[in-house]
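In structure tokens below, several structures.
First subunit A sits with subunit B, and in the next complex the same chain sits with subunit C.
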Partner chain A sequence: MSDLVKFTLDGRELQAAPGTLVIDAAKKAGIEIPAFCYYEGLSLQAACRMCLVEVKGAPKLLAACTLPVAENMVIETESPTVVDARKFTLEFLLTNHPLDCPVCDKGGECELQDMVFRYGAGESRFTEIKHHVDEKQWSPVVFFDAPRCILCYRCVRICDEGMGVKALGVTNRGAYSEITPNMGSHLECDECGACIDICPVGALTSGIYRYQTRPWEMDHVGTICTHCGDGCKTTLGVRNNEIIRGNNRDRSGINGEFLCIKGRYAFDFINHPDRLQSPLMRVNGKLEEVSWSKALVAVAQKFSEIKAASGKIGIIGSNRTSNEENFYLRKFAQAIGTPHLDHRRTGDIATLLDALSGRADALATAEDLYTAQSVLVVGADLAQQHPFLAFQMRANWRHHQSRTFVVTQGPVREDAFATRNLRAEPGQEIDAVTTLADDLKSSGDLIVVFGDSIRGDSLRKLVSFIASLGVPAKYICLLDYSNSRGAFDMGLIPGDGGMSAPEMLAASDLDALWVVGANPLADAALASQNAFVVVQDLFLTETAQRADIVLPAASAYEKTGTVTNTCGQVQRLSKALNVMGAKPDLDIFHLIARGMRLDLGPAQPDKIFSEIRATVKGYDIPLPVIATGGAALTNPVNGNVPHAAASAALVRGSRDTLFTSGTLGRYSPILSKVMEAPGGLYRK
Partner chain B sequence: MIDEVIGSASAIAKGLSITLKEMLSPTVTEDYPDAPPKFQERFRGRHVLERDEYGLEKCVACFLCAAACPADCIYIAAEENTDRVRISGGERYASVYNIDYNRCIFCGYCVEACPTDAITHGHGFELAAYETSALILRKEQMLVPVPEGVKPPVIKEPAPAGH
Partner chain C sequence: MTFSPQLEARLEKLLRSYPEGRQRAALIPMLMYAQDEAGYISKELAQEVARRCGVTTLQVDEVVGYYTMLRARPMGRTHLQICTNISCLLVGGDKLWEQACHKLGIGHNEVTPDGAISLEEVECIGACSWAPALQTNFDFHHKVTPEKLDQLIDALRKVN
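The block that comes next holds the complex of A and B.
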């Protein structure tokens, strides 16, 4: 390691690695140098002059955001000259800035407001008429109020560097410079809202949150996004039992500030007018609203009858209910003696775990994707299907020049920076991968990310090929939906002699089918005409329409519990609100069990989680990590995985894009409003 | 005896002189409820939500009054002004503005916080109610009427189809 550089900052003797920027060194020492254009993780801009500091011997003030520390440098960050300079910078920024704070969405969390408050540049000597530009709507998500913009270019850089979209640029010069969207009059992009989030002022505002409230008026509930398997933390702003916005400005959680459109905006399915808020029961062939007690008694009675007559009950669990619910549902299935339990497998995690048996430390997390020296993506359009993992890979390439290899059936966004990209039809990918052997061998530690087409034998082939390379390798098996991994880990899989989900649907002698948070009848028919069908869901899906009894369920934002992301990290859900009429699936299970006089133990999420930690392989994870909102990695690679062989053929990804999310996405107004929806895979 | 008479007479005269003096000085007793009471200008009574000279509501739903309120009794819901619905002079307006007089302590902080002088203390004080829910006043109850000769804020109907 090279020697540390010694310098003096505000009278303190400090040391830092050569090349460290003064602004970073100061931050590390607990000294804040104000900055608008500088942003951690993005390229340097030096556009705002807010970070000026005084360096002894330098004729002028220097920008701390681009100045590396040097030996014996003496820096003052709050000297009278510096304070004056900042005041003038602010006065300049305010020359064309409107006096909008009372109506500006940013008011209360505005960096410009804070700085003017600190340096007192409230009075303006500028008496000319301010340059005014009308506010523009660029998309259902993004609005732009040019006069408020301070031209820090953060939005331009996050969109280009962070999202890899490059949808924003600057047109005109000087006082007339303006941030402009890629289509001139409107935006066509990921609609992620990252630009809005990162804007230090209220120039970019969100169509969803706009003019709704004020930051201090909300409760902030940190929970896990319910849309894809990446498990981003989203902090929901809740006011009056209503979610008003989602973001993750506090950088808690695995995703830092990253969120895609779904995590940031697609919480709106919660208030969709079609949301079920009362149980439905089929009376004379039609579904009618009934009370909870009536519906629950009917379900319990019917299940008890079928159980007494040793009939066949099939249970299809959910990819988005919590681990606790899935665990309890499996207990339920055991208690009523049915082996017919399943969920929709969206990736072949079973075979992967089986193939890796005995190897510790073989699963990668999103954090590893940011640090690994090379990444191999096989059979997935990452930017569409796993936006956060794609973001991590992009950041790794930008910051660490990692090497990326892509083997997909069509063009993907990762092509832009891939060292090698190959096209291969689904099922043929492994042959293509083997041609990369030499590249992979020389690229240092490797992470292999693979999609649903890599399953069964081809997955085993992939694992043994990678093992033969002799480089340290870790895997991410891509799973769709927020808790596919948890559903598998909690054992929502057929018991001995049990039928898989497609078999249940095809069987002609099923007495009852109980579907929890899934929609298997969307693209299949139920062969058993006389089966008694119970469905727990948020909406009247195709499956619910066929049901005899529909029970309105709560979404992930309305309950507590834990979920496991596609990398195997367990994180905790926090309850943001109540929706009248709906109940968490766990409560529904418990009430049905009580009606059937089954004793399944306590039905509180915390207690069940203790049971999970004690009994589920790999889930003996540290409780404090979970309790404080962290992500704890499970370690399930410790033995043969039952059903690995049988399940491979059933694996079927959701094929959701950036703008779709199964049933929830169909009922999210914002996802149907943006013009990019529904999007498609392998287009760019 | 004589002394006693003179003494009493002078005492009566003294007493009556005060009566006479008070009879001639202006009355301070209020005739309330037979006549409206008079207030000092600065009296802080029931709030009044003001309008500007065009009849638009002054309140832009900035929530600053609610933030300033030590009793946490102001509830606001904001909505955006559009070409079709223009309620206030700013970009947004308060679609709901409630003050809970069960809690209000008439401190005047809200009035001080308001950047648009939209909220003021009026002189209304007859706030008694038979139930607490009646003490939550809505925007409509506190808003001054549209001044005479001014067109009220417009809510334009959408243009009929085909136009």
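The block that comes next holds the complex of A and C.
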């Protein structure tokens, strides 16, 4: 690496790598140079003129966002000339900007407002009538108020470069320039809302959040999105026990500020009118609302009876419940002596861990996807199913020119920047992958990302093929739902002689079926007519409709605990709100256990997590990392599971898209309102 | 959308004049040549050019919206452009503009009902030495007087 460049910034002698932009160098030294158009990670625009600085010897002020530091450069960032220039820039920006701050969503967290406050550009010499254009609605999610726009192009760039969608542009010129959606009058896009969050002013506003609250009236709860397996952190704005918005503007968490429509908006299933808020019990063939105590006593009694008679109790766990809940449920199953425990497995992590046989550093994190020299995607439409991982890959290609290889059934968005893309039918991807051998060998360290069609033997073949290349390789086994990985690691897998989920459904002599946060009867029938069925869920799903007792469960946003994402990173949930009548699954397990006089130990998430760290292989992770909102990577070892029990044949992905999310998706009004929803533009 | 063989050949050549992967650079000349033939840049034309240059239709719209010489709606068979920028203004360009508006009964960027003539008030057309100047399609008219303008418009009405 070449020598550092020495320069003087506001009288301080500083050093930075050659090519460092003045704005970045200043930021590193703790000096904020204000800017609207400059945005870390996006291409340079130099449109707003806010970041002008004085450079000794230069005849005019220079834009710090495009100016690289040079040897012996002397820069002033807040000299009287600079302050004056910024004041004038603000005066111009306010020429047509309406001063409707008191009703603007952005008021209080608006970058323009902050800057006008800071530089005191409160008075304007413009007396002309402001150019006005009416507000437009582009989609159920995105509204655009052109007069507020300061034309920083952030939205255009995040959509184009960040998301790879290119749905926004700027048409016309001068004072009449306007951000324009791709369909002229409306948007057809991912509806991720990144453009809204990145907007420094209130020009782009969210259909869900607009005119709901003032930003300072909310509590901000950073938790993990409950939809897909990528484990994005979403910061929920909560007021009066209601979630008003989701975003991640503090850029904490593994995803920085990335969120898709689900993480940003699809929290609205929380107060869907169909949300269960009271236990239901089947009385004379119909489900009726009963009290919690009545329902819990009935479940405990029935389970105790069946246990006493050595009957068969099948338990199907959830892909969305926390690690603590899954761990506790497994303990429960052991305590009542049933080996019939399973969950819907959406990727063959079992075989992967077995094939890697404990090789350290063999699992890639989402961050690795941003730094690896090459990425191989096998059998997965990442932009649709794992939007955050796709975002990381796109950023890696943009910033580091990484090489991407894609082997999928049909066209995917990653084709646009892939070095090579091949098409292969599910199950036949490995043959196509082997033809990439020479490319992969010469592309440096590699991350292999694979979907649910790569399982069992074909996965072993893939691992041994990659090993034969002789390049450092890491893996990401794609899993759907927020805690599929945790459900597997915590051992929601059949014990010795236990039945798998499909076998439980098919067993005519099953005495009881206990389904926690899953919907196995959506596409299968329960063979045992007399089985006593207990369901814990948020909604009356197909499975819940067959239940004898339905217990209303809390969602991930209503509880604490930890979840493990598809990369194997453990992160903490924070409780954002309470929903009347619903209980966290852990509390429900605990109450049933008490009713059955079982001693399963403490039922506090923190205590259970200590137990998990002590007993589940790979989970001895540093507590401070997750306690401070970070993501800790588990070791690539098989947590709790005898490999033989986890049959690869049962692996089945969720087939979710950007606009579906298992059973939760259909209860999210926003996911069904956008026109791109399945049946609209994006088909399965 | 189909073009004449001549235009087709021209556009082909244009695309080949840029290095592989930089075909979007052909966007503006392609739009101008296509506009000469089609009269204006229709939605269909924008889509076709977008396809050829490998950009989105929105990116074509951005360019069309930015450059005033690219037009998203039909203009007259003769497009009359009168300069009212400083050099022409000093010698009566603004009077010529008012005269034309009055005589044709249309304003800036408007078309006569019969579709014959359209009018545009333009910034400098690079003919300051012969101000006041105006342009009919690609033909320049120098040192225009009110009488000359009158005759010109009458002649245009006959031709169209």
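In the analysis below, the second predicted complex is superposed on the first by the 669 of 684 C-alpha atoms of A that agree within 3 Å, B and C clash if a C-alpha of one lies under 4 Å from a C-alpha of the other, contacts with A are read in each partner's own complex, and residues count from 1 in each chain.
Criterion: a contact is a pair of C-beta atoms (placed from the backbone, for glycine too) under 8 Å apart; a residue touches a chain by one contact, two chains touch by 3 or more.
Keep in mind that this is a model prediction, so the values were computed, not measured.
Annotation: superposed three-chain arrangement on subunit A; subunit B versus subunit C shows no clash, the two fitting side by side.
Legend: residue contacts after superposition of the two complexes on their common chain; A:216 is shown touching subunit B, with no touch to subunit C. Once chain A of one complex is fitted onto chain A of the other, the partner contacts of A:470 are absent, as it touches neither subunit B nor subunit C.
Within the superposed three-chain model, A:57 lies out of touch with both subunit B and subunit C [touch as defined at top]. Panel annotation: after superposition on the shared chain A, the angle at the CA centre of subunit A between subunit B and subunit C (CA centres) reads 80 degrees, nearest 10. Contact with subunit B, but none with subunit C, is seen for A:107 once the two complexes are overlaid on the shared chain. Minimum C-alpha separation, subunit B to subunit C, in the superposed model: 30 Å. Touching of subunit A by both subunit B and subunit C, each in its own complex, is seen for no residue at all.
Residue ranges on subunit A touching subunit C, taken from their complex, read 166-173, 180-182, 184.
Those residues of subunit B that touch subunit A in the complex are listed here as 60-64, 66-67, 78-80, 90-92, 115-116. On the subunit C side of its complex with subunit A, the touching residues are 56-59, 61-62, 64-66.
Within the complex formed with subunit B, the subunit A residues making contact are 100-103, 107, 210-214, 216-217.
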